[in-house]
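Two complexes, one shared chain (subunit A), two partners (subunit B, subunit C).
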Partner chain A sequence: MVGLSLGEKHFIQGGIAQDLRSDARKRLTYRPIYVETGVIPQANGSAAVKMGATEVIASVKAELGKPTSLHPDKGKVAIFVDCSPTAAPAFEGRGGEELSAELSTSLQQCLLGGKSGAGAGIDLSSLSVVEGKICWDLYIDCLVVSTDGNLLDALGAAIKAALSNTGIPRVQVAAGATGDEQPEVDISDEEFLQFDTSGVPVIITLTQVGKHYIVDATAEEESQMSSAISVSVNRHGRICGMTKRGGAGLDPSVILDMISVAKFVSEQLIIKLDSEISAAEAREEE
Partner chain B sequence: MSGKGGSAPHPTTYSPSPQNQKRPKSLIFKDNVDWVRPDGRGFQHCRPAFLRTGAVNAASGSAYAEFGNTKVIVSVFGPRESKKAQMYSDIGRLNCNVSYTTFATPVRGQGADHKEFSSVLHKALEGAIILESFPKTTVDVFALVLESGGSDLPVVISCASLALADAGIRMYDLVTSVSVSCLGKNLVIDPIFEEENCQDGSLIIACMPSRNEVTQLTITGEWSTPKIHEAMQLCLDACAKLGMVMRSCLKETASSQE
Partner chain C sequence: MRGLQISLNQTQKIRFDRALEKIESLSSKSNSNATVTVADSIPVNFEDGVLKGHGTSERDGEVVATLCGVVERVNKLVYVRTLRARYKPETGDIIVGRVIEIAPKRWRLEINYSQDAVLMLSSMNLPDGVQRRWTAVDELNMRSIFEENDIVCAEVRGFQHDGSLHLQARSQKYGKLERGQLLTVPPYLVKRRKQHFLQLEKYGIDLVLGCNGFIWVGEHVEAMDNIVKDLVSKSEQQSSVTTLNEQKHHQSPLETRQNICRTANAVRVLSALGFNISIEVITQTVELSSSLNIDIHDMLGAEFYVLVAEAEAERRSLLTKKK
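After this line comes the complex of A and B, so read on.
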């Protein structure tokens, strides 16, 4: 995807080894993050996140649906990622589809927890309206507008921002429905409930280049990676999910080391992201 | 295929035994430390593995794996010339595909929502194969899950590396894979379908046991660092043992051909 000369490759690798990257960052420094909320008026919540030249949009739409028989007291969340060929020619056709599928799977693993619903970053029981009958289905759709590496972290941040921007309409359930009847509901278009996002984790991708690992790799740096792991960490420092990319094998002790580094980085990222989100929401209200 | 019912009076016919039809509804008590797993195993006991190479004649290499009720067949084709449309590549390509039969799952056709397995299989294997040894060509790895009985992906990965070895594709090491489910406070290794359905979290490791390298790692659910450490140790241990079983299976095939 990125054509680099041998000299450029050595420059990137050498810079990372000396803790001074091409854009003057240190290994564990993120690019400045810029968040804008409420970018899509038709959605219940939305946000755009820029990290350097990487830009993604996430929108949250809520629809009333029926809970599954396995989890009658929980709502459902689906995450989709679309990599538009307008972002990069490589996204056209199958290339984009594959990347989209991979990103959506990673996001689901990082945000939605185990099969029983435990440990989910998004609180699914808050989406229940009438147990076993009606629940909210959240459709989280993400669009990659332009790409310069580190898509997963940006998408994770965008989803977190979009969810905190999400207002779910208050639902009045008409009394009197009994038994198997589907109760009638009245959706308020004035009253909205703020979605609780305190448990939504952030995703930190550590990209290994040579012997070292870096956060927030640009596309050029990603082309030099041997492997990368993405760890999602919540506010309490608990790991909520993890995936690995890249073919090269890693020593188990290195992985554990990477997890602890990711935990350390996550603290700063959560603080940074929270302040950016609240700043964005303050701007929107003005 | 595992040679069941060989002593039946009519070996040409087969009728399903009635006790296979009813599935005992077993409860899983998450907070209880003493519950017995539905199939009577201990928490840290893997299912017995049955492995055979050479299941498909037409393929360059193939393997069949049976871990409890999980039955998987993997065939490897190639290395063969890459498609004309693909760009020149001085290292070989690996093409992986995982599919489910329509009857693999209790509800017909439910296996279709496992599209991501193909890319996970690719990522788990590519680090182990010496792709430089077959430039300009492609190796196809096709996995078919005949019956889904839990821990499908780890079984597919292990079986695929066995099939690659059978095909004579050069590898740094065999790839073995094991998963662990987190149920309440307990970690159970090699979970079955019922356990996977109510797990709080899962950890899947694919590794090269003799090189002590992890090629793929996926975690879902909420974990603390010590718990990850514990689960990884458990998996790596089991991976090393599975590697020995796979090696002896390959040796057996090789010695029987002589």
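After this line comes the complex of A and C, so read on.
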């Protein structure tokens, strides 16, 4: 990120205060979102999402595994983020590890709920094959190709799109397995079950600059932020997770106000994202 | 344009493709037989004695291209000019740069080139406009003129003997740019023209097209007032710091800001479509958007992209008809 002169900083802050940002967006308007699905044919599901100059790719791989003893009826999901050096020179070598770890944890908190599995946005019980013995493990890997602010929202949208593109192979369990035996499973190569993504939440990041909050901040606007809250909201308006970033403290009333703003913005974003995902899948079929 | 990614519906796609085809058919008449790729042999009349320039080399007695581009001939010189190249400064270019370092008696600017440009203290006018030599006291106050990360508009003075690039900012129209936004476009889209500054009186904005691909769109600032403002702000600096902050914290009025955003979005659309950026094209695009009453943010939507492509096709067909 190049530095900004004092004049540019005042221009950005003044624009946000007057509800007219550098590219003429209002404070609560997203940049145009472009979704492409099926970009990685070897994966079970994949999607590339472009929000302005921010570009991320998410891929989903499904493998059979053993469920944990705490939750024998649930599958497992692991989310990893990798910041590619093409995004910024600072990410070369191990420079991007800190940001990758932060994004991975935030995504896990927003989409998977707490350690006990409560409040997860992704329904893990649909991933179970044989209770206590076999379940599907989903490995969601994300790659940040280019960064211009608002990485968390773009990653959330990419994961949602990749999951809607995911086909889990149909599994035939051999009957008659009893006790501690591992049942025989036959993984079909042809039939796939589409993953149910109606419950997957979207992530809305609200960045506070001065006295106002903006949605979908560019990298320049993010450099001026005092604090940021990322809320994941699902289709029914329920909050599935939340993280706060930034050095400034926030008054609790401000946080509640930001959450209600996020819920309001999420309705339009979910509609927009769903239409973009279906347009992308229509394009893929052509 | 490379991989333009916007969602177009069916009719928009048809109109867009038709406009692009029209543009391509108009341009291909001129230079289609002069384009070469690597290892193509260049037809050359050997009796004249040919000078092999950039992008060519001799192989088996033939002149062969080493770059992909268009063959240009100037008297006996034959060279290959690439279409998309890194910015290459020439003397007299107007450029916009960002200060990255303050060194003894000079500022170092980043100008989207392979090396940083140098703006010598002696190539600048004194802030109070008096014609005298720069003294040691002035050298200590360099930071009060340009700080780190400031945006500066200057002219290329030339390359020195040691290979460094020097700039000069002796005229009133050069200097610090504030109250606006800087846009980055591919440098090959900004061709060298007679006019790189534009003052749109009715919108109240200033536009500076840097040949290095940095384009500044900002509020109109009177050149003379800058000097007076610097004097006033310097005297205020001694009295109190808070009033200085208030002065610097000037808020652009909403209407000027809307015009700045409209012009900036016009430049963004042109750069995404890969059309050459010049003052006429920018003013035409801005007028197109305001005449059709398109909301400023919708200028980055699919419909406006198609409109701009169609307008560009119209413009180029008019130009070829005039010829």
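The rule is short, and it goes like this: the second predicted complex is superposed on the first by the 281 of 286 C-alpha atoms of A that agree within 3 Å, B and C clash if a C-alpha of one lies under 4 Å from a C-alpha of the other, contacts with A are read in each partner's own complex, and residues count from 1 in each chain.
In this section, contacts are C-beta pairs under 8 Å (C-beta built on N, C-alpha and C of every residue); 3 or more make two chains touch, one makes a residue touch a chain.
Everything quoted here is computed from the prediction, not taken from an experiment.
Partners subunit B and subunit C fit side by side in the overlay (superposition on subunit A). In the superposition on chain A, contact of A:10 is made with subunit C only, not with subunit B. Of the two partner chains, subunit C is the only one touched by A:18; subunit B is not. Touched residues of subunit A, counted separately for subunit B and subunit C, are more numerous for B. In the overlay built on the shared chain, the residue A:26 is in contact with subunit C alone; subunit B does not reach it. In the superposition on chain A, A:50 contacts subunit C only, with no contact to subunit B. Once the two complexes are laid over each other on the shared chain, residue contacts for A:34 go to subunit C alone; subunit B is not touched. Using the contact criterion defined above for the overlaid structures, shared-chain residue A:279 touches subunit C, although it does not reach subunit B. By the touch criterion defined above, A:271 reaches neither subunit B nor subunit C. In the superposed model, subunit B and subunit C sit 110 degrees apart as seen from the Cα centre of subunit A, a figure rounded to the nearest 10. When the shared chain is aligned, subunit B comes close enough to touch A:256, but subunit C does not.
Figure legend note: subunit B and subunit C, brought together by superposition on chain A, show a least Cα distance of 14 Å.
The residues of subunit A shared by its contacts with subunit B and with subunit C come to none at all. By the touch criterion given at the top, residues 70, 98, 101-102, 105, 109, 112-116, 118-119, 227, 229, 234, 238-252, 255-256, 259-260, 263 of subunit A touch subunit B in their complex. On subunit B, the positions that touch subunit A within their shared complex are 115-116, 119, 123, 126-128, 182, 196-202, 207-208, 211-225, 228-229, 232, 236.
The touching residues of subunit C, when paired with subunit A in their complex, are 5-7, 98, 110, 147-151, 176-182, 218, 248-252, 254, 257-258, 261-262, 264-265, 268, 295-297, 299-301.
Taken in their complex, subunit A has these residues touching subunit C: 2-8, 10-11, 14-15, 17-18, 20-26, 29, 31-32, 34, 36, 50, 276, 279.
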